[in-house]
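Shared between the two complexes below is chain A, which pairs with chain B and chain C, respectively.
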Partner chain A sequence: MKSFSDWIRQPGLLNAVPVGLFLLVGFAGPLVLVLLYSFMPPKTFTLNQVPTLENYLSVVTQSYYISFGWSLMLAVITVALLLVITYPIAYGMTKLFNRWATLITILVALPLLISENIRLFGWVLLLLKNGVIDGSLQYLLGVSLSGLLYTVPAVVLGLVYVYLPFMLFPLVIGMSMVPDSLKEAASDLGASRLQIFWEVELPLSMPGILIGSLLVFILSLGSLAESKILGGQVIVMIADDIESAFTFAQNWPKGSVLSVLLITLSLVIIFFLFRNIDLDRLVGRR
Partner chain B sequence: MAIHTSRRNFLQTTGAFAAAYAMGTFPGLAHAAREKELNIYCWEGYNSDDVLDPFRREFDATVRAEGLTSDPDAVNRLRAGETKIWDLINVNNPWAREMMWPEGLILDLPRDRFEPFFEQMMPAFHPPYSWAMDKTGEHLLGVTQRFGPFNFVVNTDKISRSMAEDQGFKLFLDPAMKDRYGVLTYDNWNIYHMCVAADVHPFKVHTPEEISAFSDMARQIFNGAKILTDDLVAMNLALINGEIDAYFTGGTYTASPARYDGYSNVRGITPASGPMDGKGGIVWIELTSVVNNPQVSPLAEEFLAYIQRPDVSKNVAFAEGTYNPVTQMGSADVLGAFDSDELDAIQWDTLEEEMARSADYDINPDYAEMYEHYSAAKREREA
Partner chain C sequence: MNEVPLGFLELRGVTKQFGEFTALDDVNLSISEGEFFTLVGPSGSGKTTLIRILVGMDSPTSGDIALRGDVINDVPANRRPTCMVFQNLALFPHKTVGQNVEFAMKIAGVAASTRRERALELLELLRLPADFYSKRINQCSGGERQRIALARALAFDPEILFFDEPLSALDFRLRKTLEKELKDIHRETGKTFVYITHSLEEAMVMSDRIGILNHGKLIQIGSPDDIYNRPLNKFVAQFMGEVNTLAVDKAGTGKVKDSTTGSMYEITESGQEFESGFMIIRPEVMKIGNAADALPNRIQGVLFNDYALGSRIQYQVRSADGENHWLVERLQDDPFSGNAGEPVTIGWRAEDSILVPS
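Moving on, here comes the complex of A and B:
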C-alpha cells in the first residue's frame, strides 16, 4: 500500500491540481453561492441570515410554471428540428461530400466567431416589417409578409439557427464512428436500406445524437436573447425571469431559487436520458 | 473618431489597470499609482471618446469607462465589491440618496467647490437641489447633468400630440389601440407608468385596492401590446415602419435618436394631468457620484468639475446613442452650443412645460409587491 507522501506525488494527481482548483473556484463556488442564496430571506444581499424556504414556496405558488413550460417546450422543439435538419447534413459530410465537407465545416463554424446578438439582429433586419424579406416580396410579388417578427416561430428560428453547430458537429463525429464494413455486412446478410438505418447506423451514431441533443437542449433551456430580440418577449423564458429577479426586482434569493430549479430540472432530464444508456459502451471504450 | 492603439499601448493600458486592480488589496501601495487613473461606471455617453479624450489629454490620465444598462444592476455591482474598482458612478436620482449613501457605497462632495456649479444650472436645479443631497440636507452626494421627461412615445402622424397629452396613459386602454402599441420593457419605469395609467400615485405607500388596480392595469397593458422589447432602437423602428403607433414607456431619451435622424413625427409625450398631485408625467435626473473606493482616484472630483464646462456639457448631451437635455443649459454659453436640429431632437420647444407637468422619478415603497404582479402579468400575457 502506498504511503501518503507517495500518493500525493503521483504525477496524475499533481497535474490535476490546477484544473481541480480552477473548477472548484470558477464552477463549483458560484453554484454553491447560488444554492446558499436560495435559502436566504427575500431581498437580502448577504448570506448571514436565517435560512428559509419562503422563496421556494413563493416560486411554486406563482405562475413561474409558464416560463419553465415555454423554455422546456422550445428546447424540445429545437432539439427535434435540429435532429431532422442536421442528420442529412452530417450524413453527407461523413459519407458523401468528401473534400467539400471541410468547406461546409468552415461555413457552419464561421458564424460562431460573431456575437450571437449581432447575428440575431441580422435576422431582425430580415424579418422586420418592410425589412429584407417583407420589402422584397412587396416589391417583386406585391404581397406582404409583415407578421414574421415578434412571434413564437421567430424565436424557434433563432434557436435553431444559433444552436445548429452544436448539434451538427457531434452528429458528424457520431456518424464517422459507423464503419462502412458493418453496413456492407448487413446488406450482404439481406438487410433492407431501412433496416440498415434503424438497426446499424442509428444505434452506432447514438453517442453523437445524444451529446448533440444534450448540448442543444441545455443551451436552449437557458436561452434568453432569441425570445428577447426575435420574439419581442411574446413569451417569457425562464432565463428572462432569472435575469429580472437579479436586476429589476433586486431579489437575489428569488433569482437563485429559479436558477437552482432550472439546474435541477436539467439534471433530472439528463439523469433520465442517460439512466439506461451505457456511455462507455456508446463511445466504444468497451 | 478613430482610435489608434498600438499593441504596446494596449498592453500598457491593460497592464496598468490590472496592476491598479491588484493594488486595491494593498492600501498603502495604491494611492500613488491611482493619481493618473480614473474608472467610471456610467450610462452611455460619459464613456464616449468625445467626452473622455480631452480629459485624458489635459490630465495625462488613463480613463476607463464602462457603460451600464440598468441602475439596479450597477448598484448590485457596487454592493458585490466593485467599489474597489470604480471611482465614479452615474445613475438616476433616487439611488444615491435612498440606497447608495445609506449603504456607504458613495462619498460626499465638498459643497464649497461644487454648489457654485448648481447655481449655473437651470432654475429647477439650483442649490440645495434635494436629489443631490442626503436626507439630512448636509451632504452633497453628486452632480446633476442629463435629465428628461419619460412617459410614452407616439407617431404624431397617427396620433396627434394634443390628443396624446390630453388622454395621457389612458390612450393605451382604447380598444382601437389593441396590437397598435409596444411596451418598452424597462421594468421599473413600466411599473410607475402602469400606476399612473391606473390613476395611482406611484411614489407613495399604496392601499390593497390601489395594488389591485395596478395589477389589473399591468395585465390590460401587456395583453393589448403587440411588441415587448427592451431595445429602444427596435421600438423606434417599429414606430417608424408603421408596425405600431405608440409605445408605452419612453421619452426624450428614447425618441431623440429617431428625431435627430429626421423622424420628427416620433415624439415623447408628457400627459397633461395625472394622479401625482395633478401631474401626469415623470422626469428622471442623472446624478454622478464619487464611489466609496478605498483608494479613490483624486481625478474623480476633477472629472465632475470638468463635465460642467460648456463644450463638455454639450458633448455629454449629444454623445452617441441617445440625446438628452442637460441641466447646464441654464447657462447661455451651453445653450448657445446647440443648433436648431439638436434642440428639436431633444424637444427643447416643450421641455419647460413638460417639466412643469412632471413629478420627479422616485422610489416606490411598494415596488417589490408590484413587481410580483408585474412579472406575473408579463408571464401570463395572452399572446
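Moving on, here comes the complex of A and C:
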C-alpha cells in the first residue's frame, strides 16, 4: 500500500493537475450548476432557495415525452442510416481507393470548416418551395415538388448530412485496423467473402463502428439546428425545449431538469451499450 | 533422383511478372504426395511470390499449376484443398485458441461438438495442454502461437500444407525445437508439406528434398545430401554457409590450377565436364597443423585468428602469398594448439575438392 503522500507525488498525477483543473471548472462545474438548478423552485435565478422536486414533477406530468421520443427516434434512425451509408465508403477508402482516399477525406472534412447553420440554410435553398430543386423541376419537367422542406425526412437528411464525418472517420480507423493477412488466412481456410466479413472484418472493426455510432447518437440526441431549420414547426426535439426553457420561458430550473434527464438518458444508453463490450478485448489486445 | 512417384503438385513453366520485373522465371517443379519439400532462397528470390501462387492468393503470368493432374491456376484460395501457415501466423486475435483451430471446420459447417473434439485432438498432437482451448491468443507465447497456427491449418485437413517462413521470428533455441517438431508432425500426419525459408540450414533439418531459388529461377533441386555435397554452382555452395572458394581452371587429369596464383591442386574426377570455375572446400574438411602434412593439397599460411562456433572452433589462416583467407574448422574438444601470428600448414584431401562451373 502506498501512503497518501507518495500517491500524490506521482509524476502522472502531477502532470494531470492542469487539465484536471480545467475540466473541473469548464466541464464538471457547469454540469453541477445545472444539477443544482434543477432542484430550485420554478423561475428562480438563484441557488440559495430550498431544494424541491417540483420541476421534475411538472416535467413528468407534461408532454415532454413527445420531444424526448422524437429526439431518440431520430438519433437511432440517423445512426442506422449512417452505418449503411458510410460502411461502403469507409471500405473503399481503406481498401480500394488508394491515393483517392485522401481526396475523399478532404472533401468530407472541408464542410466542417463552415458553420453548421449556414450549411443547413444551403439545404433550405435547395428544398424550399420554388427553391433550387422544386423550381428546376417545374421549369424542366413541369412537375412540382413543393413539400420537401419542413418535413421529418428533411430533418433526417440534415442530421445524416451534418454527422456523416463523425461516423465515417471512426469507421475508416476501425477498418484499417483489420490486417489483410487475416482476411487472406480466412479465405485460405475456406471462407467466402461473406463469411470473411462476418467472422473477421466486422468483429475486428467493431471498435470503430461503436465509437462512430456513439458519437452520432449523442450528437443527434442533443441536436437542435436540423429540426429548427429544416423541420420548421413539424417536430420539436428535446434540445429545442431546453433552449426555450432557458431563453423564451426564462425558467432555468425547468431547462435544467430537461438537461439532467437528457444527460441521464445518454449515460444509461452508453452504459448498456458498453457494459458488455471491452474494446481492447474485442480486437484481442487484452 | 527420387523413388516416390512424382506429379502430385506440378508447376510447369510458371512465370510471374510485376511490370518489367520478373519475379519468377520459368519454374518447373514436381512435388510428390507426402513429401516435405522446402524452397530456399535469399530475400527477393521470388519464394514468397511462388508460395502465394501455390496457395491461390496470386496467379502466374504464364505457366500452369496442377494438383493431381488438374490445372488449378484459376481456383481461388478458398476453394483450394491446400492451406498455409503464414509468416506472421495471421491468428484471429478476437477468437480464442479453440475458435481459431475450429475456424475451417466452422466454415465447412461441422457440428460444434465434433469441432471441439477434433480441436482438442489437434492441440494434443501439437503438444498443447487442453486448457489452451479457451485461452485467448494474446495470452500465448510465440512458440505456442506457432503451434496454434499449425493446428488451425491441420484442422482444415488440407491436401498440401504450405509454410511461409513461420519460424523466422522466433529465437534460435525455440526455432531448433520447432524445426524438429515440424518434421515429427510431418511424419505423424503423412501430409505433403511445402515449406519456404531463407535458411538452408533449416531446410536441411526438415526436408526430404530442397529446391534452391535465386532471382526467380530454380537453380537446383535435390536431397539435403545432394545440395550439401554436390552443389551445382557457386551460389548453392556458398548459400549453405561459409566455404573456401577458389577460382580454378582444369589442368590435366585430376588436377586444377589456381586462376590467379597458378598453384596446382589435386581433385577427384567426377566424370562431369569441367573446364574452369570454382573449387569449393568446406571448412570442416580442412586440416590444420600436423594433420595436414600428409595431404596432397597443402597451403602455407599464418594463423590469423580463431572463433568459437559452439560445437566447433573456426580458424582463419591467411596464405603466405596474401592472396586468400582460408577457413578451417575443428571440433571444440579437439582444438589446434597454435598461436595467432605463427606460420601454419593447412590442407585437404583430393576428394574433398568440390568443383562447380562459374
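By definition in this document, the second predicted complex is superposed on the first by the 273 of 286 C-alpha atoms of A that agree within 3 Å, B and C clash if a C-alpha of one lies under 4 Å from a C-alpha of the other, contacts with A are read in each partner's own complex, and residues count from 1 in each chain.
Note that contacts are C-beta pairs under 8 Å (C-beta built on N, C-alpha and C of every residue); 3 or more make two chains touch, one makes a residue touch a chain.
Quick caveat, the model's predicted, so the values are computed rather than measured.
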For the three-chain model obtained by superposing on chain A, do chain B and chain C clash or fit? fit
I want to verify one number. Taking the Cα centroids, what angle sits at chain A between chain B and chain C, in steps of 10 degrees? 150
Using the touch definition from the top, say if A:Ala191 reaches chain B (first), chain C (second), both or neither. second
On the superposed three-chain arrangement, identify whether chain B or chain C touches more chain A residues. B
Just chain B (first), just chain C (second), both, or neither: which does A:Tyr150 touch? first
Name the contact category of A:Ser205: first (chain B only), second (chain C only), both, or neither. neither
Chain B and chain C, minimum CA distance [Å, superposed model]: 47
Hey, which residues of chain A end up touching chain C in the complex? 179, 181-182, 184-192, 195, 199-200, 203-204, 282-286
Which part of chain C faces chain A closely enough to touch in the complex? 55-57, 76-79, 82-84, 86, 88, 90-95, 103-104, 106-108, 136-138, 152-153, 156
Contacting residues of chain B [partner chain A, same complex]: 70, 72-73, 76, 79, 182, 185, 187-188, 226-231, 234, 237-238, 241-243, 368, 371-372, 375-376, 378-381, 383
What does chain A use to touch chain B in their complex? 42-43, 45, 62-64, 66-67, 124, 128-130, 146, 150, 152, 228-229, 232-236, 241, 244, 246-251
